[in-house]
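What follows is a set of structures to go through.
Each of the two complexes below includes chain A, the first together with chain B, the second together with chain C.
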Partner chain A sequence: MTSAISTSTVRLVGVAVAGALALSAGAALAQTVKIGTPTFLTGAAAPAFGIPAKNGVELIVRGINNGELPAPYNTKGFAGRQVEALIYDEAGGGTKQVTEMRNKVQKDNVDAIIGIISSGTCAATTALSEELKVLTIQTVCGTTRVFEELNKDPKYVFRTINTATANNVSAARYIAAKMKGKVKGITGINQNYAWGQDSWRDFRLAMATLMPDVTATKKPQFPKIFSGQYGTEISALSRAKENLVHSSFWGGDLEAFIGQSSARGLFKRKLFVLTVGETVAYRLGKKFPQGIMVGTRGPYGMYVANDPSPINAWFQKEYRKAYGEPPSQPSYQYAQGYLAGKFAYDDAAKKAGKFPTTEQVIASLTGATFPSFVGNVTMGLSKGHQIVTDDRWGVTVWDDKKGEMVLEDVVIFPPGCVNPPNGVKSADWLKGGMKGAKC
Partner chain B sequence: MNRLFDKTFWGLTIGLVGLLALNFFLEEWMRSIGLQSLSRGCVAIGLLILWRTGLVSFGHALFFGFGAYTVAMMQILGVNDLFVLLICGMATAGFLAFFLGFLLRKYRAIFFALLNMAFSMILYGVLAKAEWLGSTDGFGVKQVSFIGMTPADDMYRPLLFVCAAFFAYISAVGAHWYLKSTLGMMTMAVRENEIRVEYLGYSAEKAIHVKYVLSGLLAGVGGVIMAVTVGHVDPDSMVYWPVSGDFVFITILAGTGNVGATFIGALVYELLRTYAFEFAPHLWQLILGGSLLLIIMFLPDGLWSIRSELRNRRELRQAKRDSDNRAAEVRR
Partner chain C sequence: MDFELLLVILVDGLVYSSYLFLVAVGLTVIFGVQKVLNVTHGAFYAFGAYLTAYLIGLWAKGGLPDAGGFFLIFISAAILGVVLGVIIERGLLRFLYDRDEHIAVLATFAAFLVLEDVILLIWGTDPYLAFQPMSLLGSSEIAGLVFDNYSLTMIVLTFVVAFVLWYGLNRTQFGKILLAVIFDREVSMAMGINVTKVFLITFIIGTFLGALGGAYHAPIISVQPGIGVEVIVLAFAVVVIGGMGSIPGALIGAIVVGISRAAAVHLFPEVELFVIYGIMALVLIFRPEGLFAPIKARKI
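Right, the complex of A and B next:
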């Protein structure tokens, strides 16, 4: 009993002190919404993913805070309050990221987290977001495990990008539509970790349904991640009888692979699907191979470079002006997370008549349809927490006049065509022959 | 009795009481840093035990990861009690150390260090490649119960902190007593002259084997605490070689003078990392490396040597004063 009393006394004092601190802090910062944004600032994922993502965030936050964006986002800030983005490094593994998210929420008092590139980080922090009751909008990670295994009943966690499954399904659909008769078997080279393994499995299953007479290799290549040397794998791929190569390589590994394969003429001999190839296409410029299929996991980057929608036109123009290069997919994907945030805060404020609570913001975002860069997108899966967007595929070609890589022969697959129906697990949907797809 | 309950024992006990008192005031993020320091501190004690024999392991993330993954796997099997999980984590890590010990006790110096690393990288490879082991994404770890009790949400982490503090305390006191025992002291002799130890009738290999198992057990404890604290296990943050590097970093930072110092070293390391990360998001690795360099240059025996350094200076000053006094008396 005594100990209980002393505990509660101590707690009371603690609460009083904390309250006083919060009041003084609140008075100073009343006009900002603090957003924690993890992205790779160091390490192998920084150049192709982390830095473009950071640039996209800085641009969209500037646009939001100054009210520069076209309608309906032409009001200033999130629900009238200026946005302050705390960008921090996503390197260092899941444990480090759990600690950092806790620091950002409990030490720096951020109002929401918008970001996350790696599927590993998403998997590691999902439970924590729920525990800390912090609105978290995941922007790039693609693992289906987030809402299908780890967090089946999400409340605070949202994701504003299609799953990796959607991307591989649409790749298979593109091949089935455009290359019937040309494809004589599929093989793959993917990094030997969760992302690579999942990507190959999804692609193989989707192909088995759509083109059942095309055989898949029994010996796909799975080199170590960050190995950088692919001599033996390229030899094996050159000799393989299958003529279509699937790869989910990204970042430095992808650049190394492209360099080494180009030197040996592999891109001339095989058909290629690079599911996130677009991330390095602008960086490599003319050195990027032509005539191959590259993905952006939705209407982002290269696929919308010429789209005249007002928000997109603003983003393209301002991004090129600010950074001297076109925006690639991570810039779009992170910026889309911030658009979702702005939509939810503004909508909740309108409904509440004052600055909204986190719960009200969540209610506004759940299942919402909101305007993004190219038309509307919907939080359509996993109880309204997982976005569904269209997905696009095309073939690279160098445009001499523009001096950059562009895409031709583009096909747009609607959301219902590449995502499982609500409530069906991605893996079951793929194994069951993708029933219920609306193309 | 007095041999067991010495200054270090009382120091550790006061430390424990201090931690338990602090638990009421800590903000949640501080408690989180504290829990991770306790976890890494346990592993660093294991390294300290090896270090006293002149052995450095660049692969103790192997046992750390084994402890952590045991927690995740046991939860999948339905076991969810912290104390059961701790025993299982220690058992798997300890058994692994026991078996590997037969090989590793034959090696010294760089061969020992790198063989350990090789084994940890084998585990890393297996975990990263096997989908049923979670691949690189790893597993989530659910909230645990405490001897069947499930506390209210706001009491969960404070209670976890109390348990972790007790585990760390028992580990530290146990390690300290071991190091003071004949077997423990002998291993310093092994470092100095192995052949002479053999001539005295002891087996140096057996002594090292015992040490190796103990360090494995301690790393297992650290792994269990870390898995439950973070709520997630994955190969990159539990088994990859930089994780082993972190432990060596902490051991160098703390110095091998005293088991208590390892926890101070672990805490300093956590704080260094947290603030370097916050104030220099692009350069935090550089700051960590730079501080290690400074420690090695200016405090080659670690933070603990500050204490003995101060004592030496005081004694020197005292000695000088004494001799001055004597000289003055002679003159008089």
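Right, the complex of A and C next:
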């Protein structure tokens, strides 16, 4: 009898405690801003992009929640509420990501999505974001299709990174400025999907305008993404009469290509422009070839490693402390998405005098200019939903003192120099000779 | 077309063929004997690559000579052949031999997914680089182009593996037992052959070959999550072209695909992706059993 009473009492207490915990947890959760963050946690895109991006998010969320960031981001949380980042895997393709996003919004009740690496995922989910009415800040994908074809009148979708066009136009401008007389022709090796195809097209068109005497190959290489074996392509590139090779390879594909090309002396025979080469430069260390033009798609990673701006200095210091390595471009790009989120929530709350609605946050972010790691950035294109930043190019050189790869002969191209004017499609702008560029 | 280009296409084609053969031969050996379309094969490749790259990294950190990398390649493949071979064959496949062949495909696909996650648990998401053996062997000049010698050794390894398998199958007692089992499992059992043991040994050999493919490629590639998926698709294409279960078929299939692809990359790079699967489609249309499929006895 005693035992039975005791058991039921324990059960009652248990239920009460569980209920109380659930209620308090619910109350606590209600005070957070839940952000769904897709990034590659598995698969070939994880090491060079997904994991550094995840690290960047964890660090910036810690900084935001604790009020560690320098001004103007030195208040805690988004509009005073703690940020809860639900990081989930972006692997599996567009269809899976549509389901994942739907689940995050409808089951987990996230307030916003900040992330997305793959251009495929951005293209697959942009219409869904509008349908679900969820604020979505795309952080890495570069395809121009998002706002030029798929979502011409965006409301809920933003992107806080330059498009692939800006990346390749700035590469061409750097070559035109620094390699005049050295370049006899251009060829390319790019992965056979939207990113690779678009990158080569944009680079070729920009070069045709800036260096009309330089011919482009009729046989650019487009190996399958993640194929890992590039022996035949390296032979073809070695035999090509063009002496500059353009590549938008990234991650493991780029590492494998560099390893195989180095063993075959390709970097000694050709000039190279690697539009996102920085993603592996830190990892490869001395194995990364010197004298290579590498890009970061904006003021991120290697290009800002020594920039003294307070937010950047904090990020560099804390990232190296937390992860034992320097932050590369995806860490910056995801963190910049969160800075955009903080700016918009704080600004909207200030204007509303209370915690803002999604519509108020969107109004604050549309067309906004907000402080980022190394100065202000502006949501300047696509009706205020597409960011424009400067883009930077330089040449790799090993720094013995720092024990890491650094860049020299750096040129900074302002946003107006590498992006089309507002309302003009990227491809049309390139084909028309990049009229209206402000360099 | 100039002679130099032809020579380059031939060399590039043979290197790529070697890669294809090394990833496909284990698959065809297992199918030939056990009639199991083993999707787990991609994971064997990945395990081989990961273990080798990891060990070569440790070896280099210990300041030991780079030549040891070659020893580690074969040791890794042998260890994995035994460990994974026994686990998968005894723990999974032996329950499926009497079931429909499709069940084995699904079961090995499930095992493949599990093994992919095991790789992530053991080695994480960071890519591993183990270029030391490739750097050690240096390079040679052929037709005015520099080729790394390590890739050229893959051609030699391919012919060694093909010869050893042919010899083992046709000139040894175990080979004759295998042929008997391939021809008729029930009659072989009735004749006193320990088919269970034959299946286990065959699977260990197949696993070893899959792991060897990964281990030998590790010094060339960036060993990263997902490499097994890429490989299994290519391996299936080669096996289908050559004929399921045929070792000469896998060799010829790999050479046909490798050289066709190399020619495409040099002459018409836009059809490079199409070539492999185009050949596969043609073979399936005109010779669905593959170029060298073993003749099947019709049971009455």
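The rule we apply is simple: the second predicted complex is superposed on the first by the 411 of 439 C-alpha atoms of A that agree within 3 Å, B and C clash if a C-alpha of one lies under 4 Å from a C-alpha of the other, contacts with A are read in each partner's own complex, and residues count from 1 in each chain.
Just so it is clear, a contact is a pair of C-beta atoms (placed from the backbone, for glycine too) under 8 Å apart; a residue touches a chain by one contact, two chains touch by 3 or more.
Since the structure is predicted, the reported quantities are computational estimates derived from the model, not experimental observations.
Contacts of A:P421 after superposition on the shared chain: neither chain B nor chain C is touched. Once the two complexes are overlaid on the shared chain, A:A123 sits against chain B while remaining clear of chain C.
Once the two complexes are overlaid on the shared chain, A:V98 sits against chain B while remaining clear of chain C.
By the touch criterion defined above, A:P310 lies against neither chain B nor chain C after alignment on the C-alpha atoms of chain A. Of the two partner chains, chain B and chain C are each touched by A:T42.
In the superposed pair of complexes, A:T143 makes contact with chain B only, with no contact to chain C. Of the two partner chains placed around the shared chain by superposition, neither chain B nor chain C is touched by A:G185. Within the superposed three-chain model, A:K107 lies in touch with chain B and out of touch with chain C [touch as defined at top].
In the superposed model, A:G432 makes contact with neither chain B nor chain C. Within chain A, the residues touching chain B in one complex and chain C in the other are 41-42, 192, 222. In the complex of the two chains, the chain C residues touching chain A come out as 5, 8, 11-13, 15-16, 19, 120, 125-127, 129, 131, 134-135, 139, 144-148, 150-151, 217, 220-222, 224-227, 230, 261-262, 265-266, 268-270, 272-273.
Of all residues in chain A, those touching chain C in their complex are 41-44, 46-48, 50-51, 192, 219-224, 226-229, 231-233, 235-236, 238-239, 251-253, 255-256, 259-260, 263-266, 283-284, 287. Of all the residues in chain B, the ones that touch chain A in their complex are 24-25, 27-29, 32-33, 36, 128-129, 131, 135-138, 140, 226, 230-234, 236-238, 240, 274, 277-278, 281-282, 284-285.
Only residues 7, 10-11, 14, 41-42, 87-89, 92-96, 98-100, 102-103, 106-107, 119-120, 123-128, 131, 143, 145, 150, 192-195, 197, 222, 225 of chain A touch chain B when the two sit together in their complex.
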